[in-house]
Amino acid sequence: MSDLFRVEGLTKNFGGLAVSRNISLSMPAGERLALIGPNGAGKTTFVNLVTGQIHPSAGRVVLNGEDVTKLGAVRRVRKGLVRTFQVTRLFSQMTPEEHVTLTVLQREGKANRILSRFTGHSEVVGEVESILSTLGLLDVARRRVGEIAYGQQRLLEIGIALALRPKVLLLDEPAAGVPSSDTPRIEQALERLPPSLAVLMIEHDMDLVFRFAKRVVVLAAGEIIFEGLPSEVAANEKVREAYLGNYAHARRIA
Amino acid sequence: MQTVLSIAIDAFAYGMALFIICIGLSLTMGLMRVVNLAHGAFAMIAGYIASYAARDLGLGYAVAIFLAIIGTVIISIPIERLLYRRIYGSPELTQVLMTIGITFCVIGITNYFFGPTLKTIPLPGSLSQPIDVGFKTIAAHRLFVMACGLVVAGGLWFLIEKTDFGIKLRATVDNAAMADALGVRTQVVYAISFAIAIGLAALGGVVGAEFLPIEPYYALRYMVTFLVVVSVGGAGSIPGAVVACLLLGAVDTTGRYLMPEFGNFFFYAAVIAIVCVFPRGFFGRAQ
Amino acid sequence: MSASTDRRWLRDVIGIALIIAAGLAGYWLFPDNLALLTRVIAAALLVLSIDLITGYCGVATLGQASLFGAGAYAAGIACVNGITEPVTLILIGAVAGSVAGLLMGTIMLRAHGLAQLVLSIAIVQLFHEAANKASAYTGGSDGLAGLMVSPLFGMFAFDLWGRTAYLFGLALLVLVFIILKFVVSSPFGMLCRGIKQDPIRIRAMGSFVFPVLLKMFVISGAVAGMGGALAAISTQVVGLDSVSFELSANALVMLVLGGLGSLYGALVGTVIFMGFEHFVSAINPFHWMTMVGALLIAVVLAAPGGLSGLLDRFSASGHRAKRGKA
Amino acid sequence: MRISKRILGVALGALLAGSVSASAETIKIGIIGPFSGPFALQGKNFQAGVEAYMALNGKSVKGNDIEVIYRDLPAANPAQSRALAQELVVKEKVQYLGGVYFTPDAMAITPLLAQANTPLVIFNAATSAIMNTSPLVVRTSFTTAQTTTPLGKVAVDEGVKKVITIVSDYGPGVDAENAFKKAFEAAGGQVVESIRMPMNTNDFSPIMQRVRDSGAAGLFAFLPSGPPTLGFAKAYNETGLKKAGIKFYAPGDLTQESDLPALGDAADGLKTSFHYAVSHDSPENKKFVEAATKAIGSAEQLSFPSVGAYDGMHVIYKMIEATGGKQDAQKAVDAVKGLSWTSPRGPVSIEPATRHITQNIYLREVAKGADGKSINKEIQTFPNQKDPGLATQ
């Protein structure tokens, strides 16, 4: 019960098709876990199940000892289960500063205020600036998001998540679509994540996975087929099969 | 029983008249993603052409229908080229602004040339007689409308499900870029669909004129009805439009029979209930 | 942070000063058209209220006259029953509008897109029908007549020349506009803008969407209701036209014409549309419809973002990236 | 905005210049009516009536030139109505207001009259209660109760004892229902059922089914003139009610002359009661129809609002005569109380107490005229009818 976050037997059927099958895993505080798998393995479905965008056919999601399976996405966020998106979902007309400020105000329960100016909340300025500076976004803080580089947008996704002070953070392919010249900045940001935070990262970029994760879970066809240290992944026969299936098969025949 | 039957047949006739006019709008909104509030304006133009052909030139009803469809499609071509092309893919509200503008212009121009009075389309003797169908007397014209509705529904179903053009159309609707890449000339598909939609509006305007009389404000007067029917059915869906027209026709007709003083309450309460239960319409496509 | 904030402050102060100046200029330039100008102000409140939910929240509506009419009838019925103090009547209108807004929002927010638009139409039709049916209270299609409004502050009577009504309306408009400027630049306003663009993102930020939008519906209802009450006070009659689909559609057209999501667009659109309609119909009552139609088409072709967008394009250096989601 | 201001500037300039050159002798009359929109034809009839009167009676009264200013009010909209009236009074300095098609629009104007010192002569708006809202209102049209009431006796005289009433669900419809019911029951008939149908009813066959099921021997209907009347008349024929011998009674709104060409054979034999038929046989009417046809452009478009306007102008001319061109609303109205004259519709007078017109109501039947076109043929006259709606109050 000491686990900060746990999923038990998570299963989702779409019609007759099982896209998640009996997935169980648990994470203590401070965990750095990577979830990998070939295309169509059900990674994004898993994230959606965990964060409450969709509801499971069976299984439980437990956060801090509390069953949150029945809760909607918003309540889970408020309890500290926060995600980023694989494709950035940002407001093109707003600045990074506004994104983070809005998020902090929301967390503080002040986002619903009608008669105070959005820019008038000096109490959050310090926190916003520190988040933006940690991510190296201060110099674009007042540019419209539509005008800044994609790598910076990805960083802002992480910044928004951090502004929610999460306990568990799900990073859905944080480096997807980022030119390789910018990946070091993402990596740097990931390294600076609060140590007590439990982070589940979904990623394709194996270099990033190996450098970041202490533990790796491999998902294929909606099932967990491997769980262990990054160094063991490559050698695992099932993983090779899942990733290289046809190719390896072809070689064997040849 | 007799009453139920006769209400049912009235509802069916009214529903079919609505269907013929609305199905074209359903196609434009579902397939081409254009909120074409000027749809009724085209039905009205057809009504005027038919009225002119049949009443002033003394041509036959069938000829008048034919001329009305051809004429309306021809009139619509420059409008499509010059105006509608500009709003494909625009935000819905921009489309609303443009098509309301077109409607206003059509109304103003019609009013100028044809005057504000009602225009009738004289029916041939065979259609204007009341016919005794056993349990009630019904206008032959209503039977004709029902037949037209069934033919249109069947014809469209065949066109979309069974023909080469239908395959291209469905492909274009599902994914225009992909269809383009596969060699479907999507511009042509759009142009033909628009023409079909306008042609159907024209047919509906003429054969439905006994229910919705032709006058300059036709386009505005029935705009809401058309829009409601299409969204209840689910834009772009033929079975959806059939079900919506028949159901709303039934609610309307029955409501007006049972409690006429609350006729509108029935109709719009039904609309609210349906939309709340089926937010995309009966057979609406996920967007 | 302070530099851009100051600039925005300054822009709003100038904007509001311009509105006041334009309003007073109207008073001096068209002293004989004050009833028309008062009508424009009432309509402007209605259009502003649509901008709140359409421009800022992305909820398109063709039924906003339900809220306007709720305000107009509430004020009218109160007035006939002896509450004749104008400011009180405006407040009554605001309350009635908010209640109607709450109701309308609760229903409309169940759906999205086209279905939502159709719900709004159905609601305004039901309101219209209800007002027609309740003729004992509303006067039905004959209109609710005989509103005897007391002089404003006991001193300024609502007279033939309409000076009191106009200045009262102008003051109300400016006040509402300032409050709305606060509302849209509050955290809540920012949240609404976020919801307009991407409700899923907003949920992932830990905020519910429905209550936020509903709140905006209530605010919008209050604004529309005040517009209705102003119309009732200045006209002394409330007609069924104040809860009609036609009024709703006209108001939406005015908003789109002026441009969404800036509040200024709502005012520009209302003034241009009603001004154009008035002058064209005075010059040629028989063909104004064609000309108004041509105006709308021309605006779509020349300025798809609305007239205020056109102004922006000329004045602002940076081109606004257009990613409107209606 | 700048453009419109410039237009206004020019307009103001022109106005100023105009008022200087024409001096105080020009008397202005402001006419508000639906000159565009779905009711534009009724507005055109207003204009035709006004122009016909001025063509026949000259454009000046006692040396004062008369100028008519038209303002367009396309649909019932009290706020706009008030704004137009205010503009006419304050800016255009009209001494007389006329026109007004819809009741709420009239209701919005009447509170202004005393302060404006301007009489309002209503050419159409037909709800009784308007007259009570200001002593400065005179009406030369009709009220729904006035045109409907004689039908009650007609029905009973034709042996119809049971009637179902069908009216559009709005003010005038309800007025018509009440007036008919009262008159019919007073004459010994029985209204078996009263149906109020929504204004936007397109398909009338379910209503006709109700008529059939009710077992009534006749139906009384009221619909506002315009497109739905066609569907209604057709449904009456097509559902076999006509063949079944169920009699049809309605006030003349249903068969106004401008709708008759569209109604065609469907209207044949319909009996309606009204204050005016274009086919009315009198020398006054002949002159009027000739002049009004010239004004409106086509004989087919002429219908009842034109005669309301024509007589309205007569009243205004008499007011001007009485006041000698001076603006004195009360004196003007007092001068026409009890005024009687021969209108194109027949002998009429202004009842002093109510300021509403007293006139003949005619029972008419739609029939083919000499030229083969449908007309409302007068078959019975009910002389000197007052407005029962006002009389009872």
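So that you can tell them apart, the chains are marked A, B, C and D in the order they are listed, and the count of residues begins at 1 in each.
Note that a residue touches a chain if its C-beta (ideal position, glycine included) is under 8 Å from a C-beta of that chain, and two chains touch if they have at least 3 such contacts.
Model, not experiment: these values are computed from the prediction.
Visitor: Which chains lie in contact with each of chain B and chain D?
Guide: Both-contact set = C.
Visitor: Chains in contact with chain A and with chain D: which ones?
Guide: Both-contact set = C.
Visitor: Applying the document's contact definition, name the chain pair with more C-beta pairs in contact, B-C or A-C.
Guide: Between B-C and A-C, the larger count of C-beta pairs in contact belongs to B-C.
Visitor: Report the inter-centroid distance (CA atoms only) between chain B and chain C in whole Å.
Guide: Taking the average C-alpha coordinate of chain B and of chain C, the gap between them is 33 Å.
Visitor: So what's the Cα centroid distance for chain A and chain C, whole Å?
Guide: 43
Visitor: Could you state the distance in Å from the CA-based centre of chain A to that of chain B?
Guide: 49
Visitor: Quick one: chain C and chain D, Cα centre-to-centre, how many Å?
Guide: Roughly 35 Å, centre to centre.
Visitor: Of all residues in chain C, which are in touch with two or more distinct other chains?
Guide: Those would be 129, 133, 286-289.
Visitor: Please list all residues of chain B that touch 2 or more other chains.
Guide: 111, 261, 264
Visitor: Send over the residues of chain D in touch with two or more other chains.
Guide: 36-37, 40, 169, 198
Visitor: Could you list each pair of chains that touch, in label order?
Guide: All chain pairs meeting the touch criterion are A-C, B-C, B-D, C-D.
Visitor: Looking at the complex, which residues from chain C come into contact with chain B?
Guide: Touching chain B: residues 54, 60, 107, 110-115, 117-119, 121-123, 125-126, 129, 133, 245, 249, 252-253, 256-257, 260, 286-297, 299-301, 304, 324-326 of chain C.
Visitor: Which residues of chain B touch chain C in the complex?
Guide: Against chain C, the touching part of chain B is residues 29, 35, 83, 86-87, 90-94, 96-98, 100-109, 111-112, 224, 227-228, 231-232, 235, 261, 264-265, 268-269, 271-272, 275-276, 279-281, 284, 287.
Visitor: Where on chain A does chain C make contact in their complex?
Guide: Touching chain C: residues 51, 53, 73-74, 77-78, 82-83, 85, 89-94, 97-98, 102-103, 105-107, 110-119, 121, 125, 142, 144, 146-147, 160, 164 of chain A.
Visitor: In their shared complex, at which residues does chain D touch chain C?
Guide: Where chain D meets chain C, its residues are 1, 4-5, 7-8, 35-37, 40, 43, 70-72, 75-80, 82-83, 85-87, 89-91, 103-105, 107-108, 110-112, 115-116, 127, 129, 133, 169-172, 174, 198.
Visitor: Of all residues in chain B, which touch chain D in the complex?
Guide: Against chain D, the touching part of chain B is residues 3, 6-7, 10, 13-14, 111, 115-120, 122, 130, 132, 136-139, 141-142, 210-213, 215-217, 221-222, 225, 252-254, 256-257, 260-261, 263-264.
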